[in-house]
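Chain naming follows the written order as A, B, C, D, E and F, and within any one chain the residues start at number 1.
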Amino acid sequence: MSRIAVINPNLSEGFTKKVGDQARKIVAENIDVIALNPKFGPASIEGYYDEAFASVGLLSVMRDLESAPDHAADPIGGYVVACFDDTGVDAARCLTNAPVLGLCEGALRMAAAVASRFSIVTPMSVSVRPLEHLVEKYGAASQCVVRAAGVRTLDFEGSGAAAAYLALKKQAEASLVTDRSEAIVLGCAGMTDITDRLHAELGVPVIDGVSAAVKMVEAMAMLGLHTSKAGAYARPPMKPYHGIFAGFSPQE
Amino acid sequence: MSRIAVINPNLSEGFTKKVGDQARKIVAENIDVIALNPKFGPASIEGYYDEAFASVGLLSVMRDLESAPDHAADPIGGYVVACFDDTGVDAARCLTNAPVLGLCEGALRMAAAVASRFSIVTPMSVSVRPLEHLVEKYGAASQCVVRAAGVRTLDFEGSGAAAAYLALKKQAEASLVTDRSEAIVLGCAGMTDITDRLHAELGVPVIDGVSAAVKMVEAMAMLGLHTSKAGAYARPPMKPYHGIFAGFSPQE
Amino acid sequence: MSRIAVINPNLSEGFTKKVGDQARKIVAENIDVIALNPKFGPASIEGYYDEAFASVGLLSVMRDLESAPDHAADPIGGYVVACFDDTGVDAARCLTNAPVLGLCEGALRMAAAVASRFSIVTPMSVSVRPLEHLVEKYGAASQCVVRAAGVRTLDFEGSGAAAAYLALKKQAEASLVTDRSEAIVLGCAGMTDITDRLHAELGVPVIDGVSAAVKMVEAMAMLGLHTSKAGAYARPPMKPYHGIFAGFSPQE
Amino acid sequence: MSRIAVINPNLSEGFTKKVGDQARKIVAENIDVIALNPKFGPASIEGYYDEAFASVGLLSVMRDLESAPDHAADPIGGYVVACFDDTGVDAARCLTNAPVLGLCEGALRMAAAVASRFSIVTPMSVSVRPLEHLVEKYGAASQCVVRAAGVRTLDFEGSGAAAAYLALKKQAEASLVTDRSEAIVLGCAGMTDITDRLHAELGVPVIDGVSAAVKMVEAMAMLGLHTSKAGAYARPPMKPYHGIFAGFSPQE
Amino acid sequence: MSRIAVINPNLSEGFTKKVGDQARKIVAENIDVIALNPKFGPASIEGYYDEAFASVGLLSVMRDLESAPDHAADPIGGYVVACFDDTGVDAARCLTNAPVLGLCEGALRMAAAVASRFSIVTPMSVSVRPLEHLVEKYGAASQCVVRAAGVRTLDFEGSGAAAAYLALKKQAEASLVTDRSEAIVLGCAGMTDITDRLHAELGVPVIDGVSAAVKMVEAMAMLGLHTSKAGAYARPPMKPYHGIFAGFSPQE
Amino acid sequence: MSRIAVINPNLSEGFTKKVGDQARKIVAENIDVIALNPKFGPASIEGYYDEAFASVGLLSVMRDLESAPDHAADPIGGYVVACFDDTGVDAARCLTNAPVLGLCEGALRMAAAVASRFSIVTPMSVSVRPLEHLVEKYGAASQCVVRAAGVRTLDFEGSGAAAAYLALKKQAEASLVTDRSEAIVLGCAGMTDITDRLHAELGVPVIDGVSAAVKMVEAMAMLGLHTSKAGAYARPPMKPYHGIFAGFSPQE
């Protein structure tokens, strides 16, 4: 196993570069990180509507990777869906033998092992309910609270960055006191670079989804674990697709 | 309120006609039923992969309906997503003020009111886990079991129909005895026409998702209920979409 | 199916008229609404003790309806128990083939389809725990919060009505902010007439139990759904009843 | 504290004597057991319909006891509702300061302390769902299974007793093997006298609800515990009752 | 049955005397209370680390009791583990046929029968999560909240006692209002003597774990209930133990 | 970070060597694996009683490692508790800043990412309930079933190994069919070497706890994650320990 793919389901190339760089920093030396984003779809993902379109973009990138000539020789060992909403992860699992992790799942599985109780702090309040559903899906409902900082993801770049950071830190602090959280999960892919600062200022573990998911999928890939094809993640049965999706029909 | 839209997210026009006909049979006299399917996407929906593409098709149909000239004068009062996997329902709720129901949700909400315990019998075993997730999402986990008949949806048409019916009935009977179920939910949109026969032969309520969802969304529409825009189902924020999805970007 | 019965389990005739009028306003033209209350029992229902007596009154009214001559010719298609505590609903289901819904169940099943998270606002705090049990029973525990306004039902009539409304609205507003609710369920049968005002002032869906339960039971009745007799809601086995209840013994 | 009341909510005096005798056998020497049943209502309790009427009978007996002259001097220290469906327990708690336990609650709370996993074996299958709801209410859903023996309670008396016992034992044995149960709870008040035999033959703890509830309520009474009046079990507010229930209106 | 053992798993003899005295005050006249603590281990129990060592001390005391000559003639009828963390209770159940209860389990099972909702108020915040796990284990998660007073157990003795009491009372009061609790459980073995005062000042049931567990285990012992040996609490299989634990190996 | 410690809490040196070897095979080249077991305690761990003693042995080994001179220079980056019961993991987390994982937790967190539903197959039936509690604790209750093969761990070595393997495989196969499992988790530390064979024969992912926990803790250690000291896993407060545990008292 020598390759991990990190796929950003939105179209922001800056963001793709950022998560690719972070992934490269943390994987083993001999692992190649492929960081990509789709060629079509939304510029960012905020809510269920954007997710629906981004999922197709994600699958498109994965199909290209899985059918590329080098894949037969050296299959991609694992995929990270670089979005904290875990957009399209279930569908992605049907498309490959490799393990697939979203940022939320990666972060939650590590957080639960270092803290008995923890919080996700996410930028926008519209994400709270979708994230609560993920928390339930991943079995962390009795130990994880979701809070919103009331800012937008883009606020973390440019002139508003300081204010955005403070808004987020304020929620994290409130969570440590009011929710008795013992660790903070950063609920957005774009926050990779504030992890260390927040950890230093709060004194509790701060978990970045990009790092957690990349490192966990790398571990799974190195163990040779693959996604089960025996049930919910079975290969999609062959059938025709039409119109703009004609090229996406499942094949043998 | 004079219009209900029933959208089949796959491309089978035969099936669209079937659910449209069933809907027309049961709505109030003065209600128009609009039955449509997308122009692109999968021919049928079997699992997460097909769902991802069908969701976009569904949203495409809904965008056309919501931006059509007659919508301003006489808005569609409610939408039914005519698929038992409730494909794309959350995203669809972001796109409209009208209430939106999938077949599974409609069926489960009615089943829970006529039976203390019940089963979903679905054709393929690959659907069991996705349906179990819906059962959990809709709060019926303590009273609903999911079983698969081991046949494909298409088996219910043509020469294999008798055998398919028997396979399904066998699971339903097993469920009444072994799972102590008191009612049967038909876990596939294509089974509308076996409802009466199965009910007659089993003597317990048999719930067809098409009928349940259409009639429930009609009830909600008549009460003037709309989908809340205050949280998870808020309108998607404006942003550019690119490539083949350029036409789908959310607008004010 | 041409008749729906709405039974107020307490003895307030004013209230019976109110819910009957609301029901008539929303059912299909050809449906007769029968609005009744028992001839014995408590004047209002506040807590478990009142419920025990009101349940018997409810069953008494239903027995009369089910054994009336016109029932054989034209059976009542559905029953609504017009109390937000869903008093006696399980016992009522044993007594009839028709579907039976309480106000809380009707409201919750519709609320869950238009909001990802919502609150019940009820007048008295003594009702909070019983309602929380219903919320759990109907599978909405992960998305529904119960709040009390600290007023009595009767406060909504007469000179204190304005203050009562404000107390209720205050809790509803707090719920939108603090509990992140996206819709409000009115947790008392007597509030039917403030629904529109509260909706206008809050801008989120406001669900009235009377309307929701009547319309949902009408939908179920029109589909020909009946209460399963295969398990928990089977007809009570024949046996003697004695004393003041001698007339209520189950018969073949 | 010198008195415990055991109230059989049905009208079988033979059964009242049986549970009274069992209670007297196990309470402390200085405790008087008052065993009573209502003067009106169903001859036995099988399902929700019977329960509704039996609840009123139960409350009637309790009102008489609480308003009797000796109650002021020497209040009843605790009540047992001698029915495994825990009929009317919540309403009963509103009526008295003393602790109140049903047989199911008493049995489950003790069973959970001697076995990590256990089963309730009840005579009729119609009771399974109501008991499952109690199991959930008392927090034992992850460790308790409910099974029915397919016999009626009365079968345990007279010529069919041997066959009834064997049917029950067969389910208990199946539960030890198939459900991995480690103890058996007898799911019916009338089984007190088979407890020892079943225990001897199965070699695992067999819990009789009468004994468990009586002994637990005696323990609570001796500690001076009373039912909280601060919330759900508050005294019912004063109000008029009418008709055959006129005598039951709550007073100061 | 004439003997109950109350084992304090820490080494504080003052505390052992206190719980022994309280137990003697409440058991039946003819019951002997044996109050003991281990000869090795931690002086007090605050968190998981202390618990691990205290568990071994507890088992050591129990082994001595179970192998003492008088045990054969007159077996100990029940054990109370006198620690609110229920330290080592599962292991203790493997070692004896008698029922075993920790303070938390005893208190929760009684609290749930007198209050629909209640709180545990415990001294240190480090105990909150471990107690929340016990609340979940004992099935009370939907009705019990855990709060910490921010004091240490020892603060309840000596010059800081008044302040400690006030801190605890403040949390209890907050819980009645904010959490809608209807009763208070004292979340620490050392609080036995403030039970009456707090009850008098708050007017709601206040449950002391020592009293609850002792009285409940006495009730179980009198009924002849034993811990099931059929599953999780089976006798440990024979095997060698080495080093300082050589004397603790399980024997036939 | 250059060192991972794998601690076998029982005294079998053969087993310690086996897990150490497996760990060395899968960690990154530059990572040293320290494989140790305690010098006192049980020879194997079968049930709660053995666990209590093994926990102390585990903590003893960890204290030695944490206070060794090389720890200051090059702290151990993560600990694996090499027992599938996750013996003592919570206490271990209080003792170190490094992340700590048991085999069950490691296996479950990876299994849930490659299979929607899966089973743990463990040798002895006495382990089923303790493992079910872990499954609940780790949030996998809705997707994981526990089955026992009815053999002992030692049966996997020596002349009975073939039969033991077949018994285990039979349960695994039953689980794929009856429980609809999509992957198998080996519920015992000693099964590392049958992983590949079982995977080859069943065709679904087979997860070995040793590999999963080692690789996941390595991933966490490489990210610099530490166990939160802000709540349940805070350092144990200073206090005296006595007798044979005098050397284990927590120090500053």
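Here, a residue touches a chain if its C-beta (ideal position, glycine included) is under 8 Å from a C-beta of that chain, and two chains touch if they have at least 3 such contacts.
On a predicted model such as this, the values are computed, not experimentally measured, just so you know.
Common neighbours of chain A and chain D under the contact definition above: B, C, E, F. Path length between chain D and chain F in the chain contact graph, taken as the least number of steps between touching chains: 1. Listed options D-F, B-C or A-C contain a single repeat of the D-E interface, assigned here to B-C, on the basis that more than half of the contact pairs agree by residue number. Interface of chain A with chain B: the two copies contact each other largely through the same residue positions, with over half of all numbers used appearing on both sides.
Chain centres here are Cα means. That of chain A falls 44 Å from that of chain E. Rounded to whole angstrom, the centroid-to-centroid distance between chain A and chain F, based on C-alpha atoms, equals 27 Å.
Multi-chain contact residues of chain D, defined as those touching 2 or more other chains: 116-117, 125, 128-129, 136, 141-142, 180, 231-233.
Here, these are the chain pairs in contact: A-B, A-C, A-E, A-F, B-C, B-D, B-F, C-D, C-E, D-E, D-F, E-F.
Within the complex formed with chain D, the residues of chain F that make contact are 125, 128-129, 132, 136, 141. Taken together, the chain A residues at the contact with chain B in this complex read 11, 38-44, 46-53, 55-57, 59, 88, 90-91, 93-95, 125-126, 128-130, 133, 136-137, 231-234, 236-237, 239-246, 248-250. Across the complex, chain B is touched by residues 116-117, 142, 180 of chain F. Interface of chain F with chain A (complex): residues 26, 28, 99-101, 105, 109-110, 112-118, 138-142, 176, 180-183, 203-205, 207, 211-212, 215-216, 218-220, 222-223, 225-233.
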